[in-house]
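Listed after this line are the structures, all set down as C-alpha cells.
Note that subunit A is present in both complexes that follow, paired respectively with subunit B and with subunit C.
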Partner chain A sequence: MFDSLYIAWKHLCFHKVKTLILVAAISVTLFLPAGVDALVDECAQQLRQRAAQTPLLIGAKGSETELVLNSLYFESNPPADTSMKALERVQSSGYAEAIPLYVRFRAREKPVVGTTLDYFSFRELRVGAGRQFAMLGECVLGVDAADQLELRPGQSLLSQSENVFDLAGAYPLRMNVVGVLEPSGSPDDSAVFVDVKTAWIIAGLGHGHQDLGEDASSDSLLEKDGQRLTANASVPTYTEITSANVASFHFHGDPVDFPLTGVLAVPEDRRSRALLRGRFQGTDEASQIVEPSAVMEKLLATILRVRTIVLVGALLLSVATTLVVVLVFALSLRIRRQELETMRKIGATRFAVFLIVAWEILVVLGLSGGIAVSLTFLTRQLSGPAIRWFLL
Partner chain B sequence: MRSANRFVPCWLASFVILCTIGCAESESRSGHDGTKRGTPQVYTVNYPLAFFAQQIGGEHVDVRFPVPENQDPTLWEPSVEDVTRLQSADLILVNGADYAPWVKRVSLPRSKVVNTTEEARQEYIDGVESVTHQHGPDGEHTHTALASTTWLDLQIAITQLRSVKDALVKLVPNQSEVFEGRFVKLETELKALDQELLDAWSSDEPAPVLSAQPVYQYLARRYGLRVESVRWEPDEMPDEEAWKELAASLETTSAKAMLWQTEPIQEIRAELKRLGISVVVYSPASNRPKSGDFIRVMKENVASMINSRK
Partner chain C sequence: MVEISELDFTYPRHGFRLCVEQLRVNAGEQLALIGPSGSGKSTLLNLMAGIVVPAKGTVCVDGSDLGSLSSSARGELRLTTIGLVFQSFELLDYLTVWENVLLPFRLNRALKLTPQVFELAEHLLEELELSGKRGRYPNQLSQGERQRVAIGRALVTEPGLVLADEPTGNLDPLSKTRVLDLLLASAAKHEVAVVVVTHDHALLDRFETAYEVGLSKTGEPWTEISKVAGK
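Up next, the complex of A and B:
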C-alpha cells in the first residue's frame, strides 16, 4: 500500500512542472466559488451591520440609496438638503432622539461630518488622543484619517471648497485638530468630525469679521446711519476660528432653516419607530424617512444577483477544468503505457499498478483540495479588513 | 470530594473578580470623564435657572452654575475646560432667547440641552438691538438681538420653572412626586409676586419709566410700563452729554423713576433726584445675589417698584 504511494509520490516529484500546473489549476477551480462566496458574505455582513445599527434616517425626498450611503458611509454624492426643521420635528414628536448630519464638504479628500456630540455616544466612539471638539472651528479625526493625513492634536486642517470655480463662495476654514478617535472598524475611522455649526460656517452660513460698529475708522466702512452700517467687500472675514475672534462669529438666517444632509433618528422602542414613520408618510411630505437596513437589503439584492452570475461562471469553469484534468490524466496514461507494462513484466500485479495511478490522482486532488481549503480559510479571515479597506 | 473542596474557593475568587470588573465597567460608564458620579450633574447658564433647579431637585441633583460671582452671565465666555465639564453634564439648562451667546459657539450634547423658554418662544421680544450692514458677496444683512432677561416677566419665569421641573423629572423619574410638590410651592410664590406687580402697575395707560440698562423689556410688557433705556453704568458718572440727552427725553416723557440693576453711586442718585426722578433698584438676579436668594431678590424688587408709585 505504502510502496504504491511511495512510487506515486516519486513519479509526481519527477514530473514537478506537470504536477504543479495540475495542482494550481484544480486549486483555483475549487477555491474560486468558495472564495467569491466568502467575500460577498463578508461584504454583505458589513453593509448590513452598519445599517442595522442605524434605526432610521430622515432626509429630503430623493434617492434613498444616496441618503443611506452618505449618512452611513459618508460616500456618494450628497443628497438634497433637508433642514433643521426635520430634526425639530423628530425631537418635538418625542418618539426619538434626533442627531443631525451634514456631510457635504471634504478636507484633503476626507469627508467632513458635521454633527453633534450625541453622534459619538450613539456610535460608541471614544477619543483616543486629545479631546472632544468643544469650540467652533475644532475637529476630531478618525484614526485612519489621522494616519493618512499625518495629523495629530495641535495641528490644523483646511476644508476644501465645494466648487473650485466658485470664487465668490465661502472661504476654506482652517480647522484645529483637537482629538483622534479610537479605532472602530467603521467608516467613522476615515472621517473628519466637526460640530454641525462649524460645518455651517464652512458652508458660508456663518462667519466672523471685524466689528464694524466698534471700528468706525475702518477703511471698509462705507456708510454709518444710526444702527445701519454699510461696508464694502473688503471686510476681512476670518478663515480660522481662534479664542481671540470666536466671539465675532455669527450666523445669518433662522437656524431652523439651516441645512442638513440627514437626520439620524433613534427611537426608544418599536412603537415609537412605527409612530415616527407615520409622521413622514404624507403625500405632500417634503422629507422621507427610511430604514437603512431595508435600503441596504435592496442594494444587497443586486450584489447577490451578481454573486449568482459569478458563481455560475465559476461552476462552468470548474466543469471545463475537470474535463481538462481528466484529459490530462487519460493522455498521461496513454503516454505511460510502456512504463506500466514494464511494471507488470517485472512482477507488479494489475492491482498494484492501478494503486500507483490512483495514488497519483488522489495526491494531486488532495494537495489541490488542501490548498483550496487553506485559501478559503485565509479569505474568510482576511476578508473583513480587506472589505473594510475596499468599502471604507 | 477533596478536589471539589479545592474548586469552591477558586469559583468564589473568579466570581469576585468578575463582579469587580463588572462594577468597574459600570462605574466608568457613569460619567463621560470616567469618574463615578452619585447624583446627576445639572449645569445652568444663569442664577435664576440654578435656583429653580436647586429648589426643585434639592439633594437629588448636583446643580452647577459655572459663571464666577460679580460677572454678568451674558458676557461670560467659557474656557475649553469649562466646555469639557459642561459636555459631561447630565443636563444643561439654557435660558433661550439668545441669552448667553456663548452657547451658540460651543459644542454641547444636544440631547442634554433643555431650552427653558421653548414653550414661551412666541413671547420673545425681537429686534431690541439691530445692526444692518453689508459686506462681501452676500449683500445686506441684519443682526437683530432678542431681549433675553425673560424671567422678569414672572409668567415666563413660571414657564421656565415648569420646564426645569419637567427636565428634572425626566432625569430622576423616581423623585417625580417630590419635584412636583416643590414646583407647586415655588410656582405659588412666583404667582403671588406676579399678581402683586400686576395690581400695582397695570393700568390702561402704560406708566413711563426710565431704565439705566436695556434689560427690562419683559418686565415692561407684562406689567404695563413704557420703558426708555439709556446705557449707564451704576459706578460711573455719566458725562454732560448723557445728562443733556436725558433732560431732552424728559421733556417728552413724564417718567418719575429710573430702574437700575444695582444701586448707583451717590452722585448719580443726587443728580436724578434734582431732576425729580427716583431710583428703583430692580435686580434681574442674573448672577448669585450677595445675600438671600432669587425669591427674596424678587420680593425686594417688587417692594421697591410698589414704593416708587407711592
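Up next, the complex of A and C:
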C-alpha cells in the first residue's frame, strides 16, 4: 500500500505542472458551487439581518426596493422625496418613534446621511474618536469611510453636487469632521452622518450669507423695502459653516415641507406597528409604509433564483471538467502503458499496478478536495467583510 | 535453473509457432540466444520468465513448473528469482537511479526493503560505476548508463537467473561491449545464470553457450532452436 503510494507520489511530483493544473482545475470545479453558496448565504444573511433590525420604513409611494436599499444600505438611486409631514404623522400618532433620513448626496463617493442623534441610539452606534455632531455643518464618519477618505476629527470634507450640470443648484458644503464611529460591521461604517438640517443646506434649502444690514454690504444692496432687502450676486454665500457665521444660516420655506428620503419608524409593540401601518394604507395615500424584511425577502428570492442558475452552471462546468480529467487520466494511462507493462513484467501484481494508478487519482482528488474545502472555509470566514465591502 | 522440454507455443493469429524439444540453463551459466528478428528469441525469453505460458510442454524455473502456477504466483516467482533487462531499458523516468534500482521492492510484498538490500544496491551501483549518479533521473543519463541502471535493477533482488532481451540493441559499439561485460561480470560474481538475446554474432564469444533460434532444420514451418557454440 505504502509502496504504491510512494510510486504514485513520485510520478505526480515529477510531472508537477500537469499535477498542478489538474489539482487547480478540480479544486476550482469543486469550490465554485460551494463558494457561490457560501457567498450567497452570507449575502442573504447580512441583508436579512439589517432588514430585521429595521421595523418599518415610510417613504414616498414608488419602488419599495429603492426605499429600503436607500434607507438601509444607502445604495441605489434616491427614492422620490417624502417630507417632514410624514415624520410628524408618525410622531403625532404616538405609535412609534420616528427618525428622519435624508440620503440623497454624496461626499467623495460616500453617502451623506442626514438624520438626527436618535439614529445613533437606534442603531447602537458609538463614537470611537472625537464627538457627535452638535452644530450645523459638522459630520461624523463611519470607520471605513474615515479610513478610505483618510480623514480624522479636525479635518473637513466637501459634499458633491447631486448633478454636475445643475449649475443653478446648491454649492458644495465644506463639512467639519468632528467624530469617527466605532466599527459596526454594517453599511453605517461607510457613511458620512450629518444632521438632517445640514443635509437640507447641501440641498440648497438653507444657506448663510453676509448680513446685508451691515454698512460693508451696502454696495451689494439693490433695494430696501422695509424688512425686504434685494441684493446683487456679489453677496458672498458661505460654503462652510463656522461658529462665526452659523447664526447667518437660515432656511427658506415651511419646515414641514422639507424633504426626506425616508422615515424610520420604531413602534413600541406589535399593536402599535399594526396600527401605524393602517394609518398609511389608504388608497389616496401619497406615502407608503413598508416592512424592510418583507421587501428584502422578495429581493432575496431573486438572488436565490440567480444562485440556482449559477449552481446549474457550476454543475455543468463540473461535468465538463470531470470529462476533461477522465480524458487526461485515460491519455496518461495510454502513454504509460509500456511503463505499467514493465512493472507487470518485473513482477508487480495487477492489483499493485491498479493501486499505483488509483493512488494517483486519489491523491489528485484528495489535494483538490482539500484545497476546495479550505477555500470554502476561507470564503465562509471572509465572506462577511467581503460582502460588506462589495455589496453593502 | 531453467528446464524446458517438449515446448510447443503458438501465436495463432500471427501464424507463429515455436518448438523447443529440450533446453537447459544451469545455475550460473551464461547463455546467448541468437537469431534473426521475428524468429522467436524474445518469445522464448518471455516463456522462461512466465510472462506467457505454453499450451504444450513444460518450462520449469528453479524447480517450479510455470504452467501450473497462477499469474500472480508467476509474478512473484519472477520478482524473487528472475531479473529482467530490456532492450529499451524500461526505466521509470520519474524515479532516480537509486529509486529505479530498488523498484522491484516496491512492486510486490514478496520482497522487503531491508538494510541489507540498501547495502547490496549501494554495492551494485559501485560495481556498475553509477555511484556518483544515484540521484539523477534517467533523462540525465547516457544510453549506456541507463542500461547499467537496468542491470542493477535486475540484480538487486539477488535472482538465480537474469533474462536480458537484446540489452545492447540500443547502444553504440563502445557501450555495447562495456555494458555486456559488466552484466556478465556482475552475474558471474553473484553466481547468477544469464540468458541474453542478441543478434550480434560478434558478442557470442563472451558466452559459454549459444543457441540459434531459427527455422526448423527439417523444413517444418516453425521455429526451433539449435546449439551453435559452447561446451
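Assume the second predicted complex is superposed on the first by the 371 of 392 C-alpha atoms of A that agree within 3 Å, B and C clash if a C-alpha of one lies under 4 Å from a C-alpha of the other, contacts with A are read in each partner's own complex, and residues count from 1 in each chain.
As a working rule, contacts are C-beta pairs under 8 Å (C-beta built on N, C-alpha and C of every residue); 3 or more make two chains touch, one makes a residue touch a chain.
Model, not experiment: these values are computed from the prediction.
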| item | value |
| --- | --- |
| Which of subunit B and subunit C A:H15 touches, first, second, both or neither | second |
| Subunit B versus subunit C as contact partner of A:I7, first or second or both or neither | second |
| Touched partner set for A:G347, first subunit B, second subunit C, both or neither | second |
| Partner chain in contact with A:Q338 - subunit B first, subunit C second, else both or neither | second |
| Partner chain in contact with A:D195 - subunit B first, subunit C second, else both or neither | first |
| First, second, both or neither for A:L158, with subunit B first and subunit C second | neither |
| Subunit A residues touched by each partner, larger count belonging to subunit B or subunit C | B |
| Partner chain in contact with A:T116 - subunit B first, subunit C second, else both or neither | first |
| Subunit B and subunit C contact sites that coincide on subunit A, given as residue numbers | none |
| Residue ranges of subunit B in contact with subunit A within the complex | 77, 80, 83-84, 87, 101, 104-111, 129-138, 140-141, 143 |
| Residues of subunit C touching subunit A in the complex | 49, 51, 71-72, 75-76, 78-80, 84, 86, 90, 92-95, 99, 103-108, 110, 137, 153 |
| Complex contact set, residues of subunit A against subunit C | 3-4, 6-7, 10-11, 13-15, 338-339, 342-350, 352 |
| Touching residues on subunit A, where the partner in the complex is subunit B | 97-100, 116-118, 121, 131-136, 138, 168, 195, 197, 204, 209, 212-213, 220, 227-233, 235, 237, 246-247, 249-252 |
